[in-house]
Each structure stands twice: as structure tokens, then as C-alpha cells.
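Below are structures written as C-alpha cells.
Consider the two complexes below, in which subunit A is the common component and subunit B and subunit C are the respective partners.
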Partner chain A sequence: MKPEPIWFQPPPPPSRPPAAPGRPAAPPVEVVIDGQRATVPGGSTILDACRARGVDIPTLCFLPTLTPVNVCRVCVVEVTGSRVLVPACSRRVEPGMTISTESERVRVSRRMVLELLASSVDLSTAPGLHDMMTRYGAQPERYGPAAVPAAAGARDRREPGHHQAPDGARAETVAQPVKVDNDLYIRDYSKCVLCYKCVEACGVDAQNTFAIAVAGRGFDARISTEADVPLPDSACVYCGNCIGVCPTGALMFKREHDMRAAGTWDESKQRTTDTICPYCGVGCTLSLHVQDNRIVKVTSPADVSVTGGHLCIKGRFGFTFVEPPGKDSD
Partner chain B sequence: MSQGALNYISRRLTVPPAELWGVVTFYHLLSTKPRPPIVAHVCDDIACRIHGGEALCESLEQIMGPPGAHGENGRATAWMRSPCLGQCERAPAALLTVAGERPRTITLAPVEDGTASIVDALRDPPDTTDTRLGARAPDERQRRVSRSVPQVGQAGMRLIGRIGRVDPTSLEAYRASEGYRGLARAVEIGPAAVIAEVVASKLLGRGGAAFPTGRKWDAVAKAEARPHYLVCNADESEPGTFKDRLLMEEDPFALIEGMTVAGYATGCERGYLYLRGEYPLAAERMAGAIAAARAAGLLGADVMGAGFEFDIEIRRGAGAYICGEETALFNSIEGKRGEPRNKPPFPVQVGLFGRPTVVNNVETLVNVPALLREGGAAYGGIGTEGSTGPKLFCVSGEVARPGLYEAPFGITLRQLLDLAGAAPVRAVLLGGAAGVFVGPADLDVPLTFEGTRAIGATLGSGVIMVFGESVDLLDIVRRIAEFFRDESCGQCVPCRVGTVRQEELLARLRARRPLGSDAEEMALLKDLGQVMRDASICGLGQTASSAVESAIFRLSIAGRRA
Partner chain C sequence: MQWAELWASLDVGSDIALANAIGREIIAAGLEHREFIENATTGFDDYRRGVEPYTLAYAERETGVPADVIRTMAHEYARAPRAMICWTLGITEHHNAVDNVLALVNLSLLTGHVGRYGSGLNPLRGQNNVQGGGDMGALPDRLPGFQHVENDEFRSKFDRAWGVAVPPERGWHLSQMFEAMERGDLRALYVIGENPLQSEADQNHARHLLEGLDFLVAQDLFLTKTAELAHVVLPASAAWCESEGTVTNSERRVQRVRKAIEAPAGSRDDLTILFDLARRLGRNWGRPDAETIWNEVRRLSPMHAGMSYARLEKHGGLQWPCYDEEHPGELFLHSRLWERPLRGPRVAFVPVEHDPPVDRLDAEFPLRLTTGRRLDEYNTGVQSSAYHSPLRRGESLDVSPEDADRYGLSEGEVVRVRSRRGAVEVPVRLDEGLRPGLTFMTLHFPDDVATNVLTIDATDPKSGTAEFKATAIRIERLGV
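Moving on, here comes the complex of A and B:
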């Protein structure tokens, strides 16, 4: 008996998953960077264009995985015809732009931005910034001795508007006690340069939890939870993505913080091992930072497409089960 | 704002609580801690300082204790220091905020009997939004207004012609004095021709940046994205400025007409009036005028029966100078922190709610009906080649007749000071806190955008603040630095930290306790000025050093104490 003919032949599966129709690529743009003519892809930022040609521009608040907020202003460059300097991290190239990345004006602004930061913020755990300060000759001592640190919570209670006029003998800073309110990570806002990265990572750029935001105004602006409650009472889910993006060590694993306090933190003795998180099927890459045969910190490489550097609480903090019992102090 | 209120708002508007907290802690008229129901905000800014505002604050401190006292002790009242309240022509000024069953704000200006008036008002808040200009009886009103607008009743005034003469609460009175003739002409000639008229008049924005209004309108009219929005910037918080307030209080329909024409020409169906929170009388009069215009079919789905839709919504600020910056203002209307956005993109491409947006100052828009009545080209003939039309000047400080003056561009500073009756002057601050000090040698400068630029100064929003020989200028300069520190949004490093360092430096100069040598301090001041000017995101940081540097380097006041 002849089999029934198959009347419907499904089309062969596509070799590639269907994608939205591409937008027309922006035509390449001719610019001049530090006196050199260059053809760069249209729509790229000045920073992309310069880095692609090996021209180094320092950045602080910029991270390729986050939306640029252009607030730190260390990346400013001079563009001929522009009244003010422009932020390289977010300004897009335009045809005929003439860009100077190390002119005298640029150097003064970068030096001053670094001086202003270093005179008001504790940069001791931000080694990248020290190199920049040497490069631009920043002298944060020019502003006088640092003022007395604020009492715990005092900066968080400040209201916008009128403040007590200073006498100028001491330089106002953001110094304040470390916030230790949970077992996983600490917040030391004496080290905060207000780069907005943690807020972005907690928001639409990665975590979508919106546990933290910038509160207050002016020099009293700060990162805060809702109504300044401790982290355990906030919406925080301890993904640690804010720690991953913080450039100054203001947000830090509690374990690292405790080891630094005890004087046992030693990066020269640390090894980093990449592995895959064992908890779920997503397969996030974990970089385990190991010192003295103990995991001291977990990060994820920002250039891994699965994570973009971001993890969840299990991958970030759920490592103590590999440790011998009894050694676990957290 | 109590925790319960915050929770409610957060849920109702589906805003994350942490973000809401960020917004509420940004505006200084909002508080997250319990405040007594009645608070007096006493101005200690420049003009009031000259007229005893600081002395007032000091005696209040003796009577009521330190400023900003919170309600812990169960008291019903408190007082706080405030930046300029926009009442400088009748300094010293104070603003009362009253919470409770009938929340309202009340302007006390001038505070005539020192602390007694404030203490009395705190005990028994007056039942008006403005203790002086809120009067109802017409002749009484004219008498009172003439103290704020000395030229009341003079012929040939284009912008202030109705002030004191025409009842600001009556649409009929407005229509009877050439009102709505500008809009009628606009509808007759069509949107493209209206823009052509504005271009022909060479009208420059009066908010401080002096951008050609015609070009702005043209760009939005041609923008493809829809809808288009119109925003009238009535945030007026530049110390020394009060022109927009008086226009809105005394001639509200003229602004409505101007906004309607702008909306018609640029294809906006909705206009927002971002009104400074500290202006209760202006808010009352504008709300009344908008309701009256709507009832008469001059706003709404079919304006004047001409087949286009336009309506106006008032949004009130809550105490933040930076919200006068156009992109910060958009964020504020959108319910966010008033942090300026980086430009480009410019508002004409990506503005309010990400849409093409026309943003104009109150005075700019009030020029529009007059311009259409007279014809753009004729209007462009007033004033000088580079600065056309009539201009409002806010004269305050040590003059016999402080107030709002209208004059064509090109009047010299000396002529204007003669009108206002200035004694010998030591210095004049042009353009407000973001402006520049000039000395007695500069009095013949023509008051135009190009004339002031030629002497390295600025016209800004038209502030002319006069200082005589007895004023402690270094104290004034220190107050300006304090203002910028208080009002910086805190987003970018040069301004957030730079304004603090600048204030500290001036405190050292005033106390004659320099760090290192005087030369080092001057070098530091220059460096601070340069980084704020070059690397700040917005105009606040970019101009935060301009008045300070001009006072120190142009008037050399550092070595001299009055």
C-alpha cells in the first residue's frame, strides 16, 4: 500500500535566527584628531574614535556596558569651534570635527577635576586615579587640610539649599563612617566620586531593581536607598552589580573590607580563575579571586556576552559552600 | 512629606521609592523631615542684604533661635534663610509657606517693620497671596504697582503698557486694550508667515542666552517627530530678576496670547508654564487668566474657532534655581531630579518627553503679540542693529526708585541709572549672580547684547544691581559664591566641588587668612574659574565664577575692605 503523500512540506529552518531589518549604516566621517586626519565610523563617540587609533583619553564615569552619564568630566577634549570643552565619552563625531585631546586647556581641566576629586574624596582604593593624577600633575593639597569628617548619617540628613557658611580654613570633604549593615558588602561613601555607575547598574542598564538613586543636591548629593534605610530594609537583592562597576572601591565585598582592615589583603598573592557558575542554566562566567586558597571576591568579565560583567546574588556571593567548614567567617 | 505620602506617590505614579527619594530631596521647598506648619523663608540674598535682610536674619535668630529649626519641639513656626525671592525691587522680602487644611504661600515684601512683621505674620498668616500687590481695589492697585514699576502710565510702553492701567483679572479689559489682536493677525497670516515675522524682527531670547527666537521656532516647526511641545520658562530664579513675575502678575493674558501664538506657529497642542514655586500671586493670576481664556474659547480644542488646538498647563517649581536651565526644567516637568542634560541633542530636536520642544522665557513670549501687531520688520527697527526691540531691566540695590524699567535696547547704563535715581556708584552687577560686575568707568556702555559683550560683561536677563560706596562688596561676592554652591545640582565634578572650593577661598580672602601667598590664592581662583567654565555640563557651572572673578580682578576688591 502506497503511503499517503505528505501534502505539506514545512520550509527548511532558517540558518540564522530572524533579525530586525538593519538600519542603514551611518557613512564614515572625516575628522582631525590631534593634527592627524582620520576616517572613523559615523555615529561613534569621540572616545571610540580616539581609542581605535590608540589615542588614550582617561575616563571615570564611563563604562561600555552602561549608558554614558558624562558627569565626571575627566574625558573632556577640545573641539575647534566649541565654546566649552566636550565630553569624549558621549559626544558623537561630526564631519570635519577638529579634536585636540591633550591641549593646554584640556590638561588644565583634567588636572583640576582630579584635584577637586582628590581633595574631597578618599581615593586610596582607586589606583587608576593615582596614575591619572601623576599624568596631569594634580596637587590636591592646594585646598588646605581636610575638614573634620561628618558624623554617621549626617550627610544623608542634609537638606538642599542653605548651608552653614565655611570659614575656608579647611577643605570640605565627603568623609563619613563606613556603612556596614549586612554580611555581603559595605558602602564607604567617603570614597564615592558620584559617578552614577552603581545607580545605572542597579537600574535599567543591568539589574532593574532600582534600590539606590542619587539624593540631595550639590555637594550634598549622595547615593541613597529609599528614605536612607539600611540595605536589608531596602529593595536591594544583593546582586552585587553595583560593586562590580564601582571605580573607587566605595562599594566593596565585606570580606575584602575586613581583610583590608586586618591588613591581610594582598593583591600580589591573589590568583584569578575563570569558571562557570554552577547554580543555574544561564552559564555566567565567574572570575574567582583567590588568596591563600580562599575565595576573597567574585567578579565577571565585562566583555563576556552572557553577563556583561553582571551577576546575581548566587554567583556573586554564594561561594562559601566550597570552603572547608569552620573557616567560613561570613 | 511623610513616609505615608511618599509611599502613596510611589505607588500611584509607579516610581521606585529610591528614585522618588532622590527627587524629593532635590527641591528645597520640599522637606522629608517634619517641619512646623508655618515657615518663613527670609531672603538674605544680594538686594535684600543691602536693605537689611541679613540684619533681619540675625535678629530673627535671637528671637526664634537658629534657622531651619525642625518641628521636634512641637513648635508651630520656624524660619529659614532663602536665596533671592524675585522681589528685589521691594527688598527685604520673605515668603511664608503655610501647610494644613489650606496650604498656601504668601509673599511679604517689603518686610516693613523688621522682625515684628514676620513674627506677626507667623502667628496669624495674612489672608492674601501678597501683602502688597495682592490688593483688589483698582486705584489702590495702581498706586501700589507704581512702586514696583515706576514707569506706570507712561506712553509708548510696549511690554509694560497695560501694567497698572488694565485690570489683570479681566479678560474683557485685556481685549479692550489691544489684547488678542496679535493672535488674530497670526491666524490670518498662517504659521509660516508668523515665523517669518518673528525672524524679521530679529527677536533674541530674553532668558539670558540671547538665542534668536525665530530660528528656534523654525527648527521645531520643521521637526518631523510629533507631538511638539511648548514650554514657557517662568522659573526666574536668577538673583536680581523680577521682570517675569511682574509681567505674569500684572498682565497675565499677554503671556497667554504669546504662548498661544507660539503654539500655533510651531505646531504644539500643549504648552507648559513652568512657574517658580515662590511666586504665589503670579500663580494665582495666571491660573485665573488661563481659566478665563479657556472659558472664552481662547484656549482649548478649537482656539478662536480657527481650527487649531492649544491648551496650557501650569507646573510649579519647588525651589531650585537650576530648574531654570531648559533641560533641567524638562526633567523637572517629567518628575525627575532637575539635573541638566548634556547638549547636543538640543531641545528643538529632543526636548520635553524626548520630543521637539520650543522653550522661551516669559518676556520673550510677551514680545510676540506686540511684534505681530506692529509687524516684524518695524519691530526689528527698535533698538540697535544687533539687539532689537524693547527690553525690560530689573533695577535694584542702592537706587532711589528700584523697579522694572522698559527701554529700547541701546539706552546706556548711565541713562538708566538716572531714571532710577542712583547716587554715585561703586559697582554695578549686570546680569545677576551669573553676570559680571562693572565699575564707574563703564557707565556709558550701551545696554545691548553686543555692547555689554564688548566690555567683557553680559546683559543676561536684564539685572542691574547697584552698589554704593558703603557696601561690603567682598561680602556680596561671598554670598554669590554661596548661592552657586547651594544651587549646583551636584551632577558634574567641576561645579559640584568647584563651587565649594570657590566659596572657601572667598571666605579666606574675606577673613584675610590666605592659604600660602595671595598670589597662590589668585592662581587658584583662576584655575577654578577655568575648569568650571570649560568643563561643566551646564550654564550654572559655566558662569559660577564670572561675577566672582570680575569683582576680584576687575574691581580689585580683594585688597580693600569697605
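Moving on, here comes the complex of A and C:
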């Protein structure tokens, strides 16, 4: 028998399990949150500090896995001595900071943001926003009935520059036809609140593909591929990480979109089971959303260490091999 | 490559020449980690002598990588506070696969880039449970937990637990099985979840051997080409969504897979099939239950002992080794090498020599073909062909623009690709990412283009892996 000195017997374990090196913690900071004195970890954001103490601040464009872009202004709070409201998601605590999370000024600002969004965007598949609107008494209908939707591609062709002031009788909207240009996912920019999450996930925060960015200015701003080409002509690699972070259903599995259109989408009949992707060795967690013994959508939990909720095209869309051939309508 | 600071675009199969030259340069510049070498390794002097002939000039000639790029790589790697070497099948699908890996191991020993947070050697696994398969003893010489079958102490533990005498000799790996078929020593084969007819190198030869078997059983989700040949097909359910169990990913993390949907009528999960088979063979193993079997693994494999289902659930998986229910699992391996005095045996440098691919390039077969995967596809396409990928464009022979010019090829033109073993017809695609002389194909569409008709079954004597990465080909224009 040939001896195999290196691996015949396993080596002894280390005297203690290896661990990541600790990071030096910044000294704690004294602040006042809604009139209460608090000692919070140095370097934390106002949002982290408040949420750790059970103070709820609503967010829209914020996700723990993405770099804050401060665009939605829903998380703004009042900081004594600051001329303007500050975004809690990215502003870091400073010694002696006095923070008001629900002052009248904060509430008015949040209500206004939500009303402007709700009057111009279709929020029918964004349940989280409805709760927020109730909380702040938002009344988007005061802007009047919705203006006529844009024709396909019309908003994408708008050029920067001065626009005619509207007459105020109708609420200007981002309504436009759904973009369906591939078999995997659809883009319904009538539902887009321009939170930038998809752009961040496509870019440096997850995929590094940079297939999409924000084009245009002001009310014409929209998410666009380069030169507004259809997805199959763009740099898109169909990881669907944009779908994973979209808070409004503007980006959606085509299967879900088709089922909603057919009236067969029924979340009360759906069950979600976590398992592991059947493809490569990374071991991403797949949350399989199953309705009537059929996988109707795949998501991934953001709190799993392996990929933080991000997937690739195979993990997100490559599940149909467990379905009977020919039944796959999409 | 788009994101790399340095791209060493080497000739396929010249990895050892490159690694040894890096090692030589590190030593020449005095950048080796002397404390680590002295206290945790053996054989450094032999290694130093072994890499002495691998000068930068020699390596540039053998690998095609400019000498200054190799020099920069050597210095940056040695000086980096943390450095990791990651590889996939480009290192291991060669006739000298194990030597390729050893050449990289030598570099990590030379620089102390092993056993520390953020440093190390990382063979990235290509399938969701290829790590777990080996961990569970699906290797010819190992019982579960990498316990060597020829070690009496380990084997007798399994003898007692299972009430049978485990054969004391190692078995055959895949390539040895095909050799045994050729000799007539292997007459029956039971294939679970693999499609060797289309995934083996030198496909015409593999088909001939499989067709010659007395008895072939295929257990699979699909009637694969291998299953079509089988005498008995056992329809299986999908392990990842139609049954319970665990898989182990590339970072040694044991993870739970769960049943989300009911399997199609007539198919059964792998456990039930195996339990039923045991029953027909006269052994009653009781009720097939994934957790019961996992707990048996925990009793017999010390490195899995601490991983109860409850803990796997709670921690989102655990990385082996995990010796008891208090153990957090090991974030990285080999940290013992940094304890002073050293815990356990030293690690040996193993000098290795450059040996170019078996399928030599010559005037008749002047181009190198290497095979691999594309993002949206997977292996022989059994799983991935079902979904409608917008990225899918079918099989192609990818060539550099320079070679396209040289042979007068245009995008989309169907050509005949011939190797010393066979020929296939396939459309040409231009790829600026390829260097002149190098071409690329996949095995994703074997029913359209049987790429493995071309590949060589020259295998590594230690690992049994075939040299899928290095085939000598020529391109024949049709109708010219």
C-alpha cells in the first residue's frame, strides 16, 4: 500500500476556529433622538441608530445591501441647526446631534413626496407605499385626474430643455405601455418611482454590468438602457437583480406579469420555500414562490451571507426544467 | 478580464511554466516568506532547485506571457497583504491536473498566502454539490468525511456502523472505469444524475464502451442520451426542489435543500429509489428520511458532527469542519500552519515540471481548441436548455479576428472543425477576447454540435481528469 503522508490522516484542527479579524469600532456618540438622549455606535447612520432603538423611519430607495443614493427623500429627518431636512439613510450621526424623526416639518415633507409619487406613478403593485401614504395622510387625488398616458417610446424620446407649464387641470404621469422585449422579465415604467435601486444593483453594488442608468432630467428622468435599445441589444445579462430590489413591481418576471394579466396571479395561494440553486458551486439560496405546484417566481433573501440576495440568470430563471415540456407558456 | 489589473493571457496548458517562473522570480527577488517556510513547510530547497531553470525568458517563450507581466505578477502576489489564487477547470482539465494544482500550492507556501483571512487557495466548484459529493465519499478512495478507505481504523468504524465489511481497497475513478470497460473488467454501470455519453471526452469512443456493457442503469430526471442507452431507467425527482437534503457549496458550506413542489407522477427521489433497491437486494434500511441519514453522516464523519439540521437552519448553513454543536465551522482552512509551535505536520513543497498538452499542435492541426461554459448555459444543456434565455445563440466556434482573417472566415459561416479523433460542423463567431491561435467551444448543445467528438481522453494519472481544455484542431471551409 502506497503511503500518502500529506492527506492519509487529517491534520489536527487549529487550537481555535479561524475568524475574520475584528474591525476597530469608532467611539460611541451621544445624540438626542425625538427628545430622548441616546448613545449610539460611532459612524452609524441616523437610520441605523434610530432603527436599533425601535424608532421607525420609512424608506423607499434605501436597502441595506445597496449604497444610499438619497433620491427618494422619504427618510428625511430634522436635525437641529441644519437648514434643510437630511436623509437618515446616509447622514452619519455626530456628537450632540438633535434629531426629530416625526416633526411637523418632516411629516409635511414626506406627505408631499408621497403625493407627488402617487399622483404620477401606478403604485398598484407596491403595497409598502400604500401603508406609508396612510401613515402620512397623503392625498394624491388633489392633483386632479391623470393626464393622458404617453405613447410607446414617447417619454424615452423627450429631450432636455424647457417644457410648457401644464394647465394644472390634470396630474402629469409617467404612464406608458409596458416594455416586453424578452421572455424573462418585463419593464413597466408606469410603475417606476425612480428610486435608482435597479441602477445600483446593475452597477457597482451587485452585478457590475451597467446595462441601465437614469436618462433625462426632471420629470423626464427615466431608467434607460444605453441609447434606449431593447434589452436583448443591451449589455443586460438577465441576472434579474434589478427585479430583486424593485420596490414597486415595475420590473417583474414575465410569468408574473402574464399571470396578473390573465387574472390567475393569487398570492394567497402561494407558498415560499427556500432551497439551494441547482446550478453552480456558489450555493445561492433560492426562494421558490409556488402556486398550484408551479414555480411562479424566484427571489433570494438579502440576509444570506453567500450572495446577499443576488442571483444570476440561471438561478433566477433557469428553473423551468422541472416543469412538463410544452406547458411553459412563456 | 475586463476588471483585472493584469491579464496573463497564457498558452493553454502552460500553467506550470508560468507558476514556476513566478516562484523563481519571488525567490530571486528575496520576497519569499522565510518565517513561514522555515516553520511550516518542508522541501523548500528542492523546490528552489526545481524552479531554477524557469527563467522569465523561458516562461515568456513557453507561455506567451511577456516577461515583465510575469515579473509584476510575482512581485505583487508576494507583496500583497492578502492574496488568493482562485481557479476552475482551466487548471484541472489537463493531463497533468494535479501537477498544475501543486504548482499553485507551492506559490502559496512560498509566500505564506494560505491559512490566513483573505489569503489562500480557492478551487471554485462548478456544480452545486460537487464538493458535497466528494465529502460524502463519492471518491474511489474515501469514505464520508474524506476518511481513507485503506486506513483500517477509519474503515472498521464504518464496518461496525453498517454491519458489513467495506472492501479495503480503493475503487476506480471515472476514467479508470472507462479503461476497465475497455479491458472488459467493468461490465455493469449504475449512473445517477450524469450524462457521460455526452460529457466524456472522445465521445465516439465513450459511446462504443457504454454500448458494450452487459447492464447499464440510468437514474435521472430526464431521458438523457445516456439513459436512452440504458437497460433500466429509474426516473428520479429533482433533488433541489422536489426532495429534502443538503448540498455543499464551494466554500465548504453545508446548506439545506427543501421540497417546494411535488415531483411528476412516476418519479421518486434518489433516497427512495436506493432504499427500494436495497430492499429488493434483501436489506431493509427502514424509511427513507434525509435527516436520519444526515445524522448518520454526523456520527461517522467527524468534520460534519456539529451540523444538526436545526443548526444548519439557524446559521444559513455551516462550513466544515464543524466538530461539535458548539463549533462555528471554519471560515478558512489551514490556520494551524500559523501556530507556533506548529500544530501537526509540516506541508511539503512538491516540485513539478512543465509538460505541454498531449494533443500537440503541428502543421496539420495548428489551432488550439479549449472548451468551457457560457453564462446562461450549463454543461450538456440537460437543465439549462428548458428556459428561454435571451443570451442563447447556440454552439459556435469562437475564433480571434486575426485567425478569421488568416483563414478567410466570416461571422456565421459554417465550417468543419477537425481534430485527430473526429470532426463537427459549426458556425464561426468572432471573439476579440481570444488571442490568435486559440479557439473556443462549449458542450452545451451536444445534440446540435457534439464538441466532445473532438476532445482527447488523455487523462491525468492522479485525478483521472481528461484534457478537455487542450485539443489540437484545424478549420476546414465547406464548399471551398
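Convention: the second predicted complex is superposed on the first by the 304 of 330 C-alpha atoms of A that agree within 3 Å, B and C clash if a C-alpha of one lies under 4 Å from a C-alpha of the other, contacts with A are read in each partner's own complex, and residues count from 1 in each chain.
In this section, a residue touches a chain if its C-beta (ideal position, glycine included) is under 8 Å from a C-beta of that chain, and two chains touch if they have at least 3 such contacts.
Predicted model, so just to flag it, every value in this text is computed and none were measured.
Visitor: Taking the superposition as given, does A:9 touch the first partner, subunit B, the second, subunit C, both, or neither?
Guide: In the superposition, A:9 touches subunit C alone.
Visitor: Is A:19 touching the first partner subunit B, the second partner subunit C, both, or neither of them?
Guide: second
Visitor: By the touch definition at the top of the document, which applies to A:232: first (subunit B), second (subunit C), both, or neither?
Guide: In the superposed model, A:232 contacts subunit C only, not subunit B.
Visitor: Contacts for A:274 in the overlay, against subunit B (first) and subunit C (second): which applies, first, second, both or neither?
Guide: In the superposition, A:274 contacts subunit C only.
Visitor: For A:135, is the partner it touches subunit B (first), subunit C (second), both, or none of the two (neither)?
Guide: neither
Visitor: Does the superposition put A:116 against subunit B (first), subunit C (second), both, or neither?
Guide: A:116 contacts subunit B only, not subunit C.
Visitor: Output the subunit A positions appearing in both contact lists, the one against subunit B and the one against subunit C.
Guide: The overlap between the subunit B and subunit C interfaces on subunit A is empty, containing no residue.
Visitor: Which residues of subunit B touch subunit A once you look at their complex with the stated criterion?
Guide: 3, 6, 16-22, 25-28, 31-33, 67-68, 80-83, 319-320, 337, 342, 344, 478, 482, 485-494, 496-501, 503-508, 511, 513, 515, 520, 524, 527-528, 530-531, 533-537, 542
Visitor: Can you check the complex and tell me which residues of subunit C touch subunit A?
Guide: 3, 115, 117, 124-128, 130-131, 146, 148, 150-151, 221-222, 238-242, 247-251, 253, 255-262, 264, 303, 316-317, 321, 323, 327-332, 335-336, 339, 343-345, 347-348, 375-376, 378, 382-391
Visitor: For a test of understanding, state which residues of subunit A touch subunit B in their complex under the given definition.
Guide: 70-74, 76, 84-85, 87, 90-91, 105, 108-109, 112-113, 116-117, 119-120, 142-144, 157, 159-163, 165-169, 171-172, 193-194, 210-221, 224-228, 234-235
Visitor: If you look only at subunit A, which of its residues touch subunit C in the complex?
Guide: Per the stated touch rule, the residues are 1, 4-15, 17-21, 182-184, 208, 231-232, 236-238, 271, 273-283, 285, 288, 290, 293-295, 303-306, 312-314, 317-325, 328, 330.
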